[in-house]
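For reference, the structure I am asking about is given below.
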Amino acid sequence: MEFEESGIGEECGVFGCVAAGEWPTQLEVAQVLTLGLVALQHRGQESAGIVTSNGASPPTYTAHKGMGLVSTAFSPEALTKLRYGNLGICHTRYSTTGISELQNCQPFVVDTLHGKIAVAHNGELVNAHALRKKVMRHGVGLSTSSDSELITQLLALTPPMEELDSPDWVARIKNLMTETPTSYSLLVMFKDVIYAVRDPYGNRPLCIGQLSRLFSNPKRVSQTLKWCSLSPSVHYIFLSLLINRYYREVLPGEIVQISRHGVKSLSVVSRPEGDLPAFCIFEYVYFARPDSIFEGQMVYTVRQRCGRQLAIESPTNADIVSTVPESATPAALGYAEQSGLPYIEVLCKNRYVGRTFIQPNTRLRQLGVAKKFGALTDNFAGKRVVLIDDSIVRGNTISPIIKLLKEAGAKEVHIRVASPPIRFPCYMGINIPTKEELIANKPEFQDIAGYIGADSVKYLTVEGLVSAVQEGIAFHNEKDKMNSNNKSDRKVGHCTACLTGKYPVELEW
Amino acid sequence: MEFEESGIGEECGVFGCVAAGEWPTQLEVAQVLTLGLVALQHRGQESAGIVTSNGASPPTYTAHKGMGLVSTAFSPEALTKLRYGNLGICHTRYSTTGISELQNCQPFVVDTLHGKIAVAHNGELVNAHALRKKVMRHGVGLSTSSDSELITQLLALTPPMEELDSPDWVARIKNLMTETPTSYSLLVMFKDVIYAVRDPYGNRPLCIGQLSRLFSNPKRVSQTLKWCSLSPSVHYIFLSLLINRYYREVLPGEIVQISRHGVKSLSVVSRPEGDLPAFCIFEYVYFARPDSIFEGQMVYTVRQRCGRQLAIESPTNADIVSTVPESATPAALGYAEQSGLPYIEVLCKNRYVGRTFIQPNTRLRQLGVAKKFGALTDNFAGKRVVLIDDSIVRGNTISPIIKLLKEAGAKEVHIRVASPPIRFPCYMGINIPTKEELIANKPEFQDIAGYIGADSVKYLTVEGLVSAVQEGIAFHNEKDKMNSNNKSDRKVGHCTACLTGKYPVELEW
Amino acid sequence: MEFEESGIGEECGVFGCVAAGEWPTQLEVAQVLTLGLVALQHRGQESAGIVTSNGASPPTYTAHKGMGLVSTAFSPEALTKLRYGNLGICHTRYSTTGISELQNCQPFVVDTLHGKIAVAHNGELVNAHALRKKVMRHGVGLSTSSDSELITQLLALTPPMEELDSPDWVARIKNLMTETPTSYSLLVMFKDVIYAVRDPYGNRPLCIGQLSRLFSNPKRVSQTLKWCSLSPSVHYIFLSLLINRYYREVLPGEIVQISRHGVKSLSVVSRPEGDLPAFCIFEYVYFARPDSIFEGQMVYTVRQRCGRQLAIESPTNADIVSTVPESATPAALGYAEQSGLPYIEVLCKNRYVGRTFIQPNTRLRQLGVAKKFGALTDNFAGKRVVLIDDSIVRGNTISPIIKLLKEAGAKEVHIRVASPPIRFPCYMGINIPTKEELIANKPEFQDIAGYIGADSVKYLTVEGLVSAVQEGIAFHNEKDKMNSNNKSDRKVGHCTACLTGKYPVELEW
Amino acid sequence: MEFEESGIGEECGVFGCVAAGEWPTQLEVAQVLTLGLVALQHRGQESAGIVTSNGASPPTYTAHKGMGLVSTAFSPEALTKLRYGNLGICHTRYSTTGISELQNCQPFVVDTLHGKIAVAHNGELVNAHALRKKVMRHGVGLSTSSDSELITQLLALTPPMEELDSPDWVARIKNLMTETPTSYSLLVMFKDVIYAVRDPYGNRPLCIGQLSRLFSNPKRVSQTLKWCSLSPSVHYIFLSLLINRYYREVLPGEIVQISRHGVKSLSVVSRPEGDLPAFCIFEYVYFARPDSIFEGQMVYTVRQRCGRQLAIESPTNADIVSTVPESATPAALGYAEQSGLPYIEVLCKNRYVGRTFIQPNTRLRQLGVAKKFGALTDNFAGKRVVLIDDSIVRGNTISPIIKLLKEAGAKEVHIRVASPPIRFPCYMGINIPTKEELIANKPEFQDIAGYIGADSVKYLTVEGLVSAVQEGIAFHNEKDKMNSNNKSDRKVGHCTACLTGKYPVELEW
């Protein structure tokens, strides 16, 4: 399923980086941040922003934000402007609403009594409305509808209100965490430090790694430890080249301080007793890059397990198994392996789709999919095809693909979906179509196969998905070694609200 | 003297408009605001913004802001987006600092406990630094360095803090006026009303007019009274076509309410006893359009008087009087008239100058002026020329013009400047080069004629300027009739700080 | 009258420059050409192009062309690309038709049997249609509708067809001149030489000057003679700064060779016996910059004479004389001088007009003029105004200006036009509205004063214009000294076809 | 291997379409052409152009061309402009040289004695230099270095030179084909007909299909036969949705006429006796989309066979087989199948790579690949990997991928390349790096494995490639039925010049 067509998408990606060792650094911090933005581009294409700090006292912050893809928003001039940073944070934003304006771009930089802070936020505060009233009652005016501005004003408002050079930002962040349970993965930059903060339910991902020796000054390798905090963990890019070593996830409720001197876990704010973590299960299904690692397991592997579980739950009498490239491929390979059917490609993607200004309301509109996919006819003509997709949100993407395959000679097309139907809205930062737009809530869902033109349609069960996700969790393995001191406490839990309607916290309105 | 080269410039222009009569209006408010922006374009080319309100309860505000000229910043889509406004305010911004980002664009719209307000500001708060500390001590974070954001947070902070449908914005504005003496001309829009506010010293211009019948619905002329508040008074454009009737200036310290029902003077906040008004004298000399009316007199006429006064103070033994087109032309005509010398044009302007990417540090750089002006050789070859300029700030604009004239055959070139030398910085909203950059503070000023290559150079005296400005003030004439009830109180005073170093209020740092 | 609104405009400007002395030159040829383009910008805003040659054997030519103003079309990269040129030609193009595409941009560079030539053309071939057929009959395909491409193919086609290193381009140019009588001012660049060619009727202007010492290498002044050919003569810019010395006009029918070694007149192709020259009289009235010199006289001065002649032909019982700024100002000053009435400004221009996306078909449309002009009310209220315009083409520009003045209090507005009515199309390179669009051909012209809302309207007579133009012609004066050997032959004649319908040559179709 | 990095690429894609049945057509020809451009985008991203004809007598042609991707070059305005076309041709261009200017964009439209023709060309004339001299000797000037302009001038030059309404274009095309043997796939549009022409060696692909019923007017299906000619055959997109029926390839040397009345084979120009066809074998290896069909077989299938052949020639002692996504995937699946090793993905692609303005010459440069690929670590850590690539041109793309895999834990990485080393330049339209840049010609090739950091490197043999390509050729199958009348004549042959240095024709210089 294509992001553009699914109508679902996460709000943001955040990334930060601190040059270790002596400053001014030999490391091009702004350029590392740019690479981080590119690696997070799939989490937000509306706008991108970077703020760097020189780390001095008082610090000089430099910001650049722009609309569109990173490649559009960041010119050579922008990078030049940012070049004196020794640390920095950045943000990519997804267009969740019609209001896509530059002033909503993150990170936010705000001047407070104690100096300037910069904040980048991924998530959505479930009690945002009540918190807005609270700060406004205090006399604060809010110039955007963004949770990030709200967060910065909450941080600024926290007592004590004295002009200090070294205010207790950690106390302020802890206070913030008591006021709002979820969802947020937050980077707060102040002077020469970045605080990486994950909400007590761990709803959004956040992890920490270390930059590769590639960026070390070859002459003083031993001194150059460089750290970064990033969300979600596209870390394998960074493990081998950007990051010398993937370190670990930030724990639910944890505040981690990252400075030139290293990484330090400062505090873990706990959930109400009895509450489990609620890490978004759709990160596994759909949002995260397949090379991400969450809870000690690679997302690609989880998707393969989903495919295998789907084959167990919904076997098919068919000739071949195939994928809607590229996101459903691991699940398709898992399904093929479990079912014993051969995995054969039936569609190729056109790399150059882009937008074309075909007038709407014409017959040509139906051809959207033809621009995107070519049918590898000889691979499936006369055959019964099991086509794996990762999710079906509205049902208008898969339908023309089935038509394409059938007209090109497929004997049967059976759709197997490697996740359960989405039925409920998300209030934790994922942009999901309204309940009415979701195919699973429409009358047509009763005969979904007929509606989309398939010979049969089966979804993975919620139980199947949860077990496929949770069976591989490995908190204590090598990859997560810094968590070892916490291993006894670590509990497992996922948010399945969009599938089940069970939200991790009570919703306030 | 050209704006681009002088290095001086005012920060902003503000304009507002309320459709009178029944709503939804027949009047295209957003388009009237766009015309207002164009008319104010000379006061700011960095960015432009419009906010409209539908006037409902609660109101819906729509905003559009963009970098660059109005023609760049406002697309048809932007105008479509703004089309449901029944009232609105707008703003053009001058690039006073290197930080020219969209987030500094005005008007600001801020959500407060009592609803959203929109604010547009022209000027600079002399005690901004202390006020920033004050609001930050209250726990407010400030996301820009803009006085306008500071003003909106000050308005939001004022007690009482209760959620009310009809908060007392006038009390809040009065409170603001007690906290900061100058300089501001302010438009505050709330729901269905615009408050036009001028600081007690009247440092920045602000006036009120009425839209022309052109915009009336021809079927119900009598009902359609439409009002607008604008700064500075480019009203003659509006008098004849846009404005049926120029109304009057907002008085120093006055708050005027403009609604669909008309214009109402709510209050006048007074200055400390003994203080005179301090209207910026450089509005007359340089910033305002020549068709503006301040204090009952046309700016063009004041400039002619400056030219006459200059001829009295500094007569010249010469053959012809001429102008550096176009801003110095009224003064040149005044000088010619007073001196009895013929007025003859010696320079023509190239309409299409634009930016060319000529590499700096080359001999070609000296040719900048050649792109801008052509010499009308036959008009002055062999003659002694008195060349009038309106001001000399750095001295690097006039020098190549003199060279151009001399090489083309002028026998002598005598520079007469229709204003005194600028020697001091402005803290009330005018962007003036640093003291060191001002030619009048440099050693070269001792032999300014030699430095710029002229045969002689003379400036208007401060006394001469003040008398040329003040002799024509006519508060009680027909044009200012709504002021008649205040006429007994009206005092005359102008800010000459950049010429004399005497600031209207004590400067706090 | 504004160019944009008049609907008339010339097609092009051409400019060329050869660095004198040793090569590679110390002179930034591409940058001089860019300044030339800016100086010619008023003759064409659709597109601009530069071609430079390194002058080697075989030569390397470098070209850059772009849509829009010079400042848009020429980036620093473009200038860098062109920097190795020792000579070059350039061109600005006016949008005469709807087809405004980059492929029509000049100069054209064409590869021929004898090497590459570059051609820039100003004008329009009266027998283009027949010539196109001729070359196509020879088997040539033409890829544009441009006369310039046609000219280059005609040059390429001329026998003899042998591969030579030094083909006789002058013979080919002479042959071209026998095939088409008018109108063209042409620059042909081949290897290290530019040929400047003016058609036998001299319909388009073309002149030659010498670059200023500013561009000389200060160490070897005596060696550095630099020449340039330019059209039309915006030479005074160049005289004083760019050009050390204005040289002279290219004669009708003359071919001038410009090389690093100097300027050489090669040949003069004659007109049919009895035919007079036909220099476009509208260059004086409207197109040329006022500082241009044609036929020994300054355009500004001719326009003043037109104003004086108009005052003699059509005196007015009025109080003041004024101008529609800026193009009509010299005529207005002439009228004032002759009539004895005072010259007083009544309108000021808004420098920042630009395009605004006001929706058409609304009442706001009438306000176009209000964006452009402000009324200097106090200067004319209650007075009878004589308003001078340089021409009235369609009549829809002057009408709202009159309305503006009347609403602002003018007692009477009398329009005096410093040129005769335009009634006929131009086939020599000027874009004039269709006969039907010209106000002088409409029924409304019978009561033109009533139509545009004036108290009276009078035009200059054709005889008056011709005498105002011709009385100051001075071929033998100092400014034109290189022509001295030709002075006995020089005849005077102007093309008045758009006013009288008398074309200089028979039109072929 | 990525196109962008390989440094090789074909010059162009061409596509045409004629609406069948009654005109004006119900079919949106310009929009079908736009979809065709998108489908051919992989063959050229520098520029794109469309020319449509209304088919009238004389015809009106409308053209639009733009730089960049189709989505950039074609705005809604462009499509509106083109909307009256009943037939049309289009072209995408690859940036083969530094000179990437709009004037080189195709299709070319040229006015000839017999009317306007439009030409789109894919390929490169081997004897271009001699042909250019020939036309220039005839007196033609050439304004571009493009073969397409040369082709149109050759067509225009062919006798007889009489002004005719119905010139014999077919004779002119045949004449052209006798003057140049290869390589060209050509679309020539004249009035209401498109001629599809393939050179006698069939070096470039060209095929014909029929548009789908989707585009038929549902009311008169039987009447609406619509045809299109396209290169290369991305027809399966079109088979099912755009094209009702894939028809056949144009034969080497064939001229096919496509009109509203259908498709007609006019002539087949033969090769010199004994010469075989020389279809570019790299179309199979690399250029064509995998869903293309050439010579009766699907490109994807050929690539699978190459992988199998490679497994036979170069077996590997390893654990898993994988691909450099996405182009090498069919070969990798073939290799896995043949070798019996499991196919497992080791890399995932970042969809949002784009250009980032990272400064060159820094350590960050090496990270280019990290932006593009993520390592699926858990899938290969500790394993011996056979990594299949489709070709290695310069060797600088594969090297960082190997490093990425090794650092992420791969035990061994064995590179198997599904094509032979490229050693020779192409003069038939493929842009290949200079001989010196090709890794196979460098000393480092002796130890290519060491150079790129692999444990071993093996290439497919030329014989292996040729047999993998030729074993599946099926001229007589169902898919190619219109060829049936020619089947006896059809010979098989491929151009392997870049691998072997054996060119299909003698090269003239």
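Every chain is named by a letter (A, B, C and D) in the order it is written, and numbering of its residues begins at 1.
Definition applied: a contact is a pair of C-beta atoms (placed from the backbone, for glycine too) under 8 Å apart; a residue touches a chain by one contact, two chains touch by 3 or more.
The structure presented is a predicted model; accordingly, all values stated were derived computationally and were not measured.
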Per mean C-alpha coordinates, the chain lying farthest from chain B is D
Centroid spacing, where centroids are CA-atom means, of chain A and chain B in whole angstrom: 48
Chain A and chain C, separation of their C-alpha mean positions in angstrom: 61
Give, as an integer number of Å, the spacing between the C-alpha centres of chain D and chain A. 38
Going through chain C residue by residue, note those that touch at least 2 other chains and give them in order. none
Chain contact graph: line, ring, star, complete or other? ring
Determine which chains touch and list them pairwise. A-B, A-D, B-C, C-D
Hey, which residues of chain A end up touching chain D in the complex? 28, 31-32, 34-35, 38-39, 41-42, 45, 69-72, 74-76, 78-79, 214-215, 234, 236-242, 289-291, 297-298, 300-301, 325-326, 329-330, 333, 343, 345, 348-359, 362-364, 366-367, 369-371, 373-379, 400, 403-404, 407-408
Using the touch definition up top, name the residues of chain C that touch chain D in the complex. 102-103, 108-113, 117, 132-133, 136-143, 145, 149, 152-153, 155-159, 161, 163
